């Protein structure tokens, strides 16, 4: 109970405090501290749920089970490391003259509020509040994306706002339809929007309504997940925002949106006994993987490159959840974890690399290992990890997904094979010269924060070789919940 | 229609008005008139919510009606007006091409929406269930409107009118969502509008215009 | 291994060593006759070898030990080969150590060493010869192996004595595969023994020579060994041809009487073969080096065809 | 599922060796710049580990399979390890070759501006450890992890000199194809698990696959392992990557890593798949021989010594795959003894190739160090300056050319024997085909001799083509020991095939069900696969006879005549103005092959005109497959990307149209 409150209160309070105190020397420290406290609270909450099972609180308005608590812990963790990373990063940005103190104030406040909205989205039991929180996350990140106020960042933020706003409006319609269907069974006041209640009666929900509702929900939240063809905002927003924001967008926001989709999918699966929801997820997943792979091969901007890579991986995860079953769901959850850790690590490294080169253009970042081995190796290893090279954890989940697909959906494997091959060629051919070769980069005024990169990569490495039994049990339980 | 209680008939009437307004917005080139139409939609929405509240005795819908009135009839149009004045785009005219085609597509969308809503509304327990099709149609028309607009403010108005359609669906088809959700939605819309307002200024500052054609730089190289 | 087998083995090796230069002398004599030239003495090769052994060896400055070792290795390989091919009798204990495939391997070993030695001094002609020799070899070797395979398939063995025994005692019949193989074998033999139309053993015209170009730098005892080895090679090929296509008369086991009978028969067969070789050389013209692949390719194809014909018609 | 055999000492020792290599690597990583420490302490230790591993594995060849489950890996899929005859045999290869190569590396790695020595040490040992892990893996996940770690560590080793763009390009191509192959292998395991969700090999052995699934699995495996092995048409990376790597790494990659692909193919083909279809064998056979011919023809045209050896590796892999195809063919028809011969030939050749290819790559490493030259056109005459290297390389050259009495010949002999047995197959089409394929094998072997004469002659013989070569020095002591050890291995394997095949017996029994040597036939001296009547081979006798004849001849000549030698300028038909430039160049030596096999190549010639002040002739050899297959695929992908790129064309209303249409389409579909 208290932990739950703390998980939500720390970022909210942090955001308000940071908005009030303005840009001081210690503001980054507050940011880190708030994130750390959130993470500690999340860890305690996770332990509690792990020991005592699911938790319903505040008149059933909050619900924590294995599925979301692991995402809460992950979100809080990546939020914390990103805060650590953003300290030197933003200071260097400031010294490079890209940001004013007022903007930094906005950044810190919005960063915490963003964390708050995401945690709220994860913790709430109310499908309506989930919508509200995700919309809130959009609003805060819109401000973060447009932080530099350059034409490009404004354009990216505008597209992000409009596309996600419209998208999420569809999700609201889906939510209304859900309410419409559940109201008859649960009554208007009887918690017809509470997921736990919906889950209880899902078998009796009207299939027609639920199918249509799911279409709206999928299109709505899918826009935020970045599923093709609803993905167009994603590369722009990732490329033009500050790097810590790219890291949390890729690492956290996409996960949370996907979480929303999966929650809805569970309900629809219960009501519609056909392959309807599964096929939709698989179709969107596969389309995302393939289209993203092709788009990857045309990139010139390093952050855009990894943004497309996020689309690809979201596609893989969606495909896995679409296949369903114990193994695929397990793999999907694992992939969510490792993707979020790896991708944020990559963005950290990329951020510093871009600062060193003074540009995000791939052609002008060269020979990182020569000038700063840590950033270079971090980027190289992170890229290899995200491309599915063992012994990193991304491989573990891709292994499970691909082998399952081979048996259950063999028609999809040629597409996956081709897409993964193209993606590998595209990403690696771009990153290799950035890492190796003669250098073009200069020194930075502050020591870069490489700790988060290597902590993330180490975790991903461990997950590739050994998944702690507790975590595995957790994943398995969550996989069972997803169905 | 006969046999329905009066309030239901009134709601159907208001639904028709909403649809009409949506079409009007689709065809309207001038920004100021768009805002007026949007405010009119707000009035219709308030009225319909109030009538549902009155007809069904759902007290929390009165709050919804009040919220709608304040937000969609007064605050948002006021913000928009102010923005237009401050940005000096009062006489902006949208250079839309081919309004008849757009209208035609709009009619197809309406048919599609009615078709889509039909099986759902058969299941509804509420008397005003047939309005669901109109709500979907309003959403679709707003979507279409956003697609066809080339200027920032009309696009945002389209976005807001989509919100109206959704709200209408929520009140008429289900007698309103739980209060906390509605408050949250309203807050989001308001904050969103404020942020957008800030955005307009920044966009104008950067591009000297609110024309969206300036916002087409981020793309894949040919 | 029995004592008689050992003796038979030694005898056949001795016969090969002794008769090989004679065969060369005979072929040269025949050729001279056929070309209306005055014939060199029949025993000239023996005299040449002896003369060369007596001379001081002259070795080029840049030559490595490999250069000096090569003649011995080539000679050793040819002796080994001679010990495998049944000439008088099929009781060859050593043939158990090396079958038909190993025989081809031994020829290849000799070829490789001689080619390397040719490149060793670093002269233009040496490397030219080495290149051409390997070039001829890469087609001739498989062709030879295919010929041997055809025989192996007929007899169900790759051991030469067994092949000969089977072929010598088969029912009389027409084996089209052997006809093809025979033609292929003849072509390969011509190429492998530096004969017209692929090479010309008598030439010292730089642009046409192959074998001679490789041994240009050799003198004295080294050259003597190489010449002897070349003669042995011709002898070995002749004996292989005889064993495969005219096996009649070769004694089975270590039948001393049979061997005594086989000896004059062998001489007669070799004389005929040598004459045929001289005839072919006289009647044909030297090919351009790049015609050689066509020639050898034909041989290779014929050998493969022989095998296919065997599989199609005779099995 | 069989009863779980208990882990044996050998299995523990193998795991300990893997661990030891990893620890050595980690120590190196901790001291990245301390070259002396790394090369004087860590590499010799790695060498000792390799030797111990080889010894242990050799002793374990005969043991019953031992398994162990490690507390690592995925939750439902802990790492399974297993040591059986197949693993043990390949571990012997790894240990032996790894030992020699590590020893050679002691003197090889220098500090350069590329990757730091400690890091190289880490990658090198991680490479060794991951190869060993591949060999003992007993579940799909550990296998894949080790497999890709192997690719990854070798990729970083290949790109040690990452400042050179060609090397980066080579590394990229390598990793890309390796990755594609790995996905195929992964999908193959996906098929093999048979929907049970159990990825342990034990479960796969007992899984029942219906319909086309076994064939799908086999061809996925052929694709995946073929990509690693350099099988046509996935070979393009190999001639780029192997030369790019430092020589010890090239030796490891060619000598050992390619064998892991063969191991994988054997593991999947003979252990995990329930049965064989005859046409798999035919496809593998044809593909293998095509690869062999392709490799050797291209090797003949190369002008870079390491590229030449890399193409020769492609050839040898082709021969190995052909042998596997033959074994599959026989076992599909239930001819176990013949399958055993083919399988033995494959394993024997794998061992041989590991030795002589390592030897030759290490020799090129020494040459490279001594001269800083890789191009064949600038070498020559090194036999005088580097007698040790040249002597060992001669053994390797003769062995790889397949000459008796060295080891290359033994395996080719066995394989040819296997080919000769095919006429007993029930399928007449295959019956016809196989002899033709035997002809291709022989052709490839003969061409290999051509290639190796070119290699050895141009590098070590003749006169130095550049003045700088006069300063070349012979290899240092550790390098020499390594080279001599490998050369001795080539000779020993060539001379004692009987005992070696006897050692391989458990492996043959595992693969084919019966031993290769019929009982009672042959002896330690005499190799006779079916019967002595059928065929026999005793290389020791051949060697002794040749040696005896040579010695006798020398003695006789000295005794009867004399042994006087006079040195003089070369004769060369009396031409007095001989310069080193008049020797055949590598291009010149390969020219006949280029001419005969012209359709194979894509040649670009640059011919001098009569008016050139400094006339130059150059010819570049391109791979037709690269232009006919890879570039079109790349172009197609690029074109597709361009089309897909239009999705992201910048205008927000278009993006809105996408979501709108998606929504409408889905709604329409649902309704």
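Going by the order they are written in, the chains are A, B, C and D; count residues from 1 in each one.
The criterion applied here is as follows: a contact is a pair of C-beta atoms (placed from the backbone, for glycine too) under 8 Å apart; a residue touches a chain by one contact, two chains touch by 3 or more.
The shown structure was predicted, so the numbers you read here are calculated from the model rather than taken from an experiment.
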(request) Skipping chain D entirely, trace which chains still reach each other through touch and list those groups. (result) A, B | C
(request) Select, from all pairs of chains, the pair with the highest number of C-beta pairs in contact. (result) C-D
(message) Distance between chain A and chain D based on Cα centroids, please, to the nearest Å.
(response) 43
(message) So the centre of each chain is just the mean of its C-alpha atoms; given that, what is the distance between chain C and chain D in Å?
(response) 35
(request) Take the average of all CA coordinates in chain B, do the same for chain D, and state the distance between these two points in whole angstrom. (result) 69
(message) Rounded to a whole Å, what is the gap between the Cα centroids of chain A and chain C?
(response) 77
(request) Provide the list of chain A residues touching at least two other chains, using ranges where the numbers run on. (result) 158-159, 162, 166, 170, 212, 235, 295, 298
(message) Can you list every residue of chain D that touches 2 or more other chains, as numbers and ranges?
(response) 642, 645, 647-648, 652, 656, 663, 667, 671
(request) All pairs of touching chains, please: list them by chain label. (result) A-B, A-D, B-D, C-D
(request) Show which residues of chain A lie in contact with chain B when the two form their complex. (result) 126, 128-129, 131-132, 135-136, 139, 142-143, 146, 149-152, 154-159, 161-162, 165-166, 169-170, 172-173, 175-177, 179-181, 183-184, 188-189, 192-193, 206, 208-209, 212, 235-236, 239-240, 295, 298, 300
(message) Show me the residue ranges of chain C that touch chain D in the complex, using the header's touch definition.
(response) 53-54, 56-62, 64, 66, 68-69, 72-73, 75-77, 79-80, 83, 94, 96-99, 101-102, 105-106, 108-109, 111-112, 115-116, 119-128, 130-132, 134-135, 137-139, 141-142, 145-146, 149, 152-153, 156-159, 162, 204, 206, 216-217, 221, 225, 289-290, 293, 300, 303-304, 307-308, 311-312, 315
(request) Report the residues of chain B in contact with chain A in the complex, numbered from low to high. (result) 58, 116, 119-120, 123-125, 136, 139, 143, 146, 152, 155, 159, 162-163, 166, 169-170, 173-178, 180-181, 184-185, 187-188, 191-192, 195-196, 199, 202-203, 206-207, 214-218, 220-221
(message) Help me check something: in the complex, which residues belonging to chain D touch chain B?
(response) 642, 645-653, 656-657, 660, 663-664, 667-668, 671
(message) Quick check: in the complex, which residue numbers of chain A touch chain D?
(response) 158-159, 162-163, 166-167, 170, 211-212, 215-216, 218-219, 223, 228-230, 232-233, 235, 276, 280, 291, 294-295, 297-298, 326-327, 367, 369, 384, 387-391, 395-396, 399-400, 402-408, 413, 417, 420-422, 424-425, 428-429, 432-433, 436-438, 464-467, 469, 472-473, 475-476
